[in-house]
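In what comes next, chain A is part of two complexes: it sits with chain B in the first one and with chain C in the second one.
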Partner chain A sequence: MKIPYVFLIPSLFIIFLVGIGPVLQSFLLSLSEFSLFNPSMRPVGFHNYIALLTDSIFWRAIQVTLFLVIGSVLLELAAGIFLALLVTNSGSRSKRVFSSIFIIPIAIAPIVTGILWSPNSVFDDLNTLLYYGLSLGVYVDTSLPVVYYSLIMISDAYIWAPLFMLVTVAIISTIPKELYEAADVMGSSSWTKFKKITFPAIITSPIIVVTLLLRIADAFRMFEVPYAWSFWLGQDSVLGAPVDTVSVLMWKMFSSTLYDFPIAQITAMAIVLLIITLVTCSLVLKRYSNILE
Partner chain B sequence: MLLVAAALWVLWPLSIMVEEGFRVDIGPLFSGRGASFIGEFFQGQGGIRFSTIEYVKALRVEAYPRLLVNSVIIAGSSVLVAALAGVPAAFTLALYNFRGKAWITYSLLALRTISPFAVLLPFFIIYGRLGLFDTYRGMAIVYLIINLPVLTLMMRGFFKDIPKEIYEAAFISGASNSYVLRKIALPLALPGLAAAAVFAFVGTWNEFFYALFLTGTVTKTVSRGVWSGFSESIESFKILEFDELNAGGTLAIIPAIILALAVQKYLARGLTLGAAK
Partner chain C sequence: MTSIRLKLLSKSFNNKIFAVSDVNLEINDKEFLVILGPSGSGKSSLLRLIAGLEEPTSGDVFFNSKNMKEVPPRNRDVSMVFQNFALFPNMTVFDNIAFPLVASENNKLDVNNEVKRISSLLKIEDLLERKPSELSGGEQQRVALGRAIIKQPKVFLMDEPLSNLDAALRAELRTEIKKLRDKLQVTTVYVTHDQTEAMTMADRIAIIKDGKVIQVGTPEEIYNNPTHSWIGSFIGSPPMNLIKVQADSNLLNIGSQKIDFNNSLSGSIVMGLRPENITVAKQGGKLHGTILFFEYLGDSKIITVNIEDELIKIKVFDTADLSIGDKIFIDFNVGDIRLFNANGNSMK
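Coming up: the complex of A and B.
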């Protein structure tokens, strides 16, 4: 049969229009000194990139981003597997009800989790209980870095753990029953069965690899929750301080739009972030090339 | 027991948000229920009086219905265009092998994972020149970045699910590609198309970043309104009120949750771009 290349034309056009074209233009902008108040395209070579690589705040932002990406994706994976085990080991009726409840967060906009896990919602209840209810005289201070970093991870995991749950449930249902029966014959405990059968099956599945890949790429551009936290922590402390508190890369780019809007520098950062994401994706896809076929 | 605890983990923050929306207080930002501890300071009580005023305000005084219409128009038209372009491409990608196929799939994947600032600023500049800034057309085009990969890669999976024999039988009897797509593949994959469309719609509905930069008074979407209030103005310097935020958040997630539960069966598939069956 003749291959209908003409079917591909609209999609390729759109890919060029909203993807490749703007990225190329961003790259050109990043080689100039263009800014909102200085619309000159005078080329400055790789000056913006060199300035970035010698900027300690930029490296700090990369560190914070990597830390939050790894932390939140691992948390999602662990929480997702946990939820999946809960769901698969329950009766068919409660399975339906609870998996419907667990997947609710998938539909919640990331910006709303900035409200859901804000210092004022869950922690008001918790702190009131700790401080007054139990009269312990202690409370969780949400302005401590260790607390708000973990809360940003939790906000991300709150939305995406259900996705890992769905994926894991799908994988578990493909594990042959005979493996578990053989393990039963050998008298293995359920922990051994999880460690030797279920967990390796989940981790080596190409589906979980795709999911992890997409989640990692998404986490690199996490913006909404740090944006929300910049309000909870007081925007001045985030914007003004030399070492920004919730300064992920996306936040660093955004916060400079609030002042002098140095478009060339922002696009340079964006291109760096794009390269990080694409390299990560390519490395994974090289190993699992069948995903693209 | 653990199941109930896990359900509580999901529902507790949600219940606080819904309930906090029904409260009213005098303090501006730091006024959750109970005691608040932020930094060294003890922030007083707040949100103690039950009232529907925040919800009524969002629905009647401010423009939640208007923003809802904006969101629906933008997401709907963007998904429609993505489907018109993406479904034929998905059909080709699912049935044929050709040179450059992996590159097309890869660029779709890259489009899905692109860092927003790398495309935003050219859009920002060009839209300013072409007068597309703050228009439905402009926003629908921007959201193709999210919707085209989702539609194409999901539909590719659904087309692949149809047994090869069906396609072969049609082609042997002399049917053309467009006939097979319209009369055979698409009717069989129709539930999948509906799921993919709903799915992309929810993604666009929840999108905040592009909306923050490219919408204005005309096209302000619901997800942008969550943070800056549901009025039709932009209100960059508005003081955040906790109860208002919570009422706004509640109103914004209800349609998304209903739609997501409707396509529950396809959720894993959509979010992994067709990898999970």
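Coming up: the complex of A and C.
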């Protein structure tokens, strides 16, 4: 009767080695005072966590991260659906051309995209043109939160909308043609058809839910785009950015390394990020459990 | 109040093979016309041309006397029922039935009342809150019917609505559709490959083969006087016997056997004879042959008889004293004989 469990041992060992082990290791590390210049595993209890939770900058980083994750992923979804509609409604030959073009951003390194959308590359020239060239007296003020948060979301959506586009095109191709014909015969407009057939099919598809989950988990680790922006938003802090503007959690972890590399503290942040990601994903899973079953 | 006229209607998908070819057809107001044909005969394409879901390659569709060429499906005031039901999966039954009223801008009917009326008509009141995936096939098709009739369309189009259902449900819904049609009095075009559906429901049947309408008539006309031997073998279960005979001044020769038949024909022709019009006799009769085998049908049996190497099926009810290998005589009324020429066309 015990033999079946013996055969489980190798796979359990591998799961522990690559899955549970590192997380446990990080957790233990986060309970110590380990840093680059003080490599000691002396336990300090939850000191690192308490320090984080009483740090207003850390709370700000959580807020910024959540805000950017929600905004970016929703924007990606909307843009992806829009692109998918463009692609599916075009002719069979242009369909291939369009989807090839739309897919390009996903292959560009995110840091390049970050720089591409950041103030110096576009907005310096654009503003010069608007303000002086055309003498309109207006310019895009990239130091305004509403502008730079929007632009960071747009940059992220620029990278990932193609993923949603691909998934959405696949979903649309599975919708039976008869549904549209039935709607046609019953006198519905294109908008009604989108609202009542295409859109519900997209957002109730298990494929889109899984893609959303993947993107949410990944968006919490957003780094390159805020990093690129950190060079342009003010000069009064580390790396030239006011720490409360673009400091997503990943950026905060990164910037911490520049002082004294407090590995234990950084690990504590990573654990908090892990928990937030898990909670968010399980909330999404719960919300869509009926679809995925 | 809508009659439909199809004038030289053709549809080709690659300009070589015609799904529908030069079809002329008149469908009268309030008529229930069944388009009957085997799969791939173009019957669904013909229906889709009437609905406007396909554009004709040439020819015209008229509703009353109005040419529908430039009229999109949503302005034709037709309803359509699809073989796979085409219910909207994310909507409840209520929303599905209400859809045509909600979708069209100029609806003056009260949505709630209409859905209640239609659902009680189709006996699906208890299902209104469910999703289509929670319904059986028969219930889904009832919902599809409800969705089609709620708008009170001028023309009702049905594309093999019963093909995806099992036999018992098919019979039940067949009666249901017939009742519905008597109640609603709307011009209906019904496409099917099932001759039973066609025979039981139709006012008139249009037989379509290879994109061409080859006979239009009442079920009786189609059954009794097929204009083509193919129709004889397509309609009826078992189908019409088609026997090669030599016509020769007042005689039809099957091998060495002869039938007296008053004709002025000569040469090789085809004699059509329905299995139920033949009787079996021990003595006398017009032809004789050997019983090859029996097929048991419950109320009756089909006997296959070899007469001069022609296999003839006979429908009999009493086979108590017959067995395989018996030599028997068969008899029939010469008035039941239908003759077709070598190309299969009916000869009067």
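The rule is short, and it goes like this: the second predicted complex is superposed on the first by the 239 of 293 C-alpha atoms of A that agree within 3 Å, B and C clash if a C-alpha of one lies under 4 Å from a C-alpha of the other, contacts with A are read in each partner's own complex, and residues count from 1 in each chain.
Definition applied: contacts are C-beta pairs under 8 Å (C-beta built on N, C-alpha and C of every residue); 3 or more make two chains touch, one makes a residue touch a chain.
Just so it is clear, the structure is predicted and the values come from calculations on it, not from any experiment.
Peer 1: For A:Ala270, is the partner it touches chain B (first), chain C (second), both, or none of the two (neither)?
Peer 2: After superposition on chain A, A:Ala270 lies in contact with chain B alone.
Peer 1: Tell me which partner A:Met253 touches in the superposition: chain B (first), chain C (second), both or neither.
Peer 2: First partner only.
Peer 1: For A:Ala109, using the defined touch cut-off, is the partner it touches chain B, chain C, both, or neither? Pick first, second, both or neither.
Peer 2: After superposing on A, A:Ala109 lies in contact with chain B but is clear of chain C.
Peer 1: Is chain A touched at more residues by chain B or by chain C?
Peer 2: Looking at chain A, the partner in contact with more of its residues is B.
Peer 1: Mind working out whether A:Ala61 is in touch with chain B, chain C, both or neither, as first, second, both or neither?
Peer 2: neither
Peer 1: Under the stated touch criterion, which partner chain does A:Leu214 make contact with: chain B (first), chain C (second), both, or neither?
Peer 2: In the superposed model, A:Leu214 contacts chain B only, not chain C.
Peer 1: Looking at the overlay, does A:Pro10 come into contact with chain B only (first), chain C only (second), both, or neither?
Peer 2: After superposing on A, A:Pro10 lies in contact with chain B but is clear of chain C.
Peer 1: Identify the residues of chain A that lie in both the chain B contact region and the chain C contact region.
Peer 2: none
Peer 1: Which residues, counting only chain A, touch chain C once they are in their complex?
Peer 2: 176, 178-179, 181-189, 192, 196-197, 200-201, 204
Peer 1: Where on chain B does chain A make contact in their complex?
Peer 2: Residue positions touching the partner: 2-3, 6-7, 10-14, 16-17, 20, 29-39, 81-82, 84-86, 88-89, 91-92, 96, 98, 101-102, 104-123, 125, 141-142, 144-145, 148, 152, 171, 177-178, 181, 202, 205-209, 223, 226-227, 240, 242, 245-246, 249, 252-253, 256-257, 259-261, 264, 267-268, 271-273, 275-277.
Peer 1: Which part of chain C faces chain A closely enough to touch in the complex?
Peer 2: 51-53, 72-76, 78-80, 82, 84, 86, 88-91, 99-100, 103-104, 147, 151, 157
Peer 1: Under the definition above, what is the set of chain A residues touching chain B in their complex?
Peer 2: Touching chain B: residues 1-5, 7-8, 10-15, 17-23, 25-26, 29, 82-83, 86-87, 90, 94, 98, 100-112, 114-125, 127-128, 131-132, 139-143, 158, 163, 166-167, 170, 206-207, 210-211, 214, 217-218, 220-221, 223-224, 227-228, 231-232, 250, 253, 263, 266-267, 269-271, 273-274, 277-278, 281, 285, 289, 291-293 of chain A.
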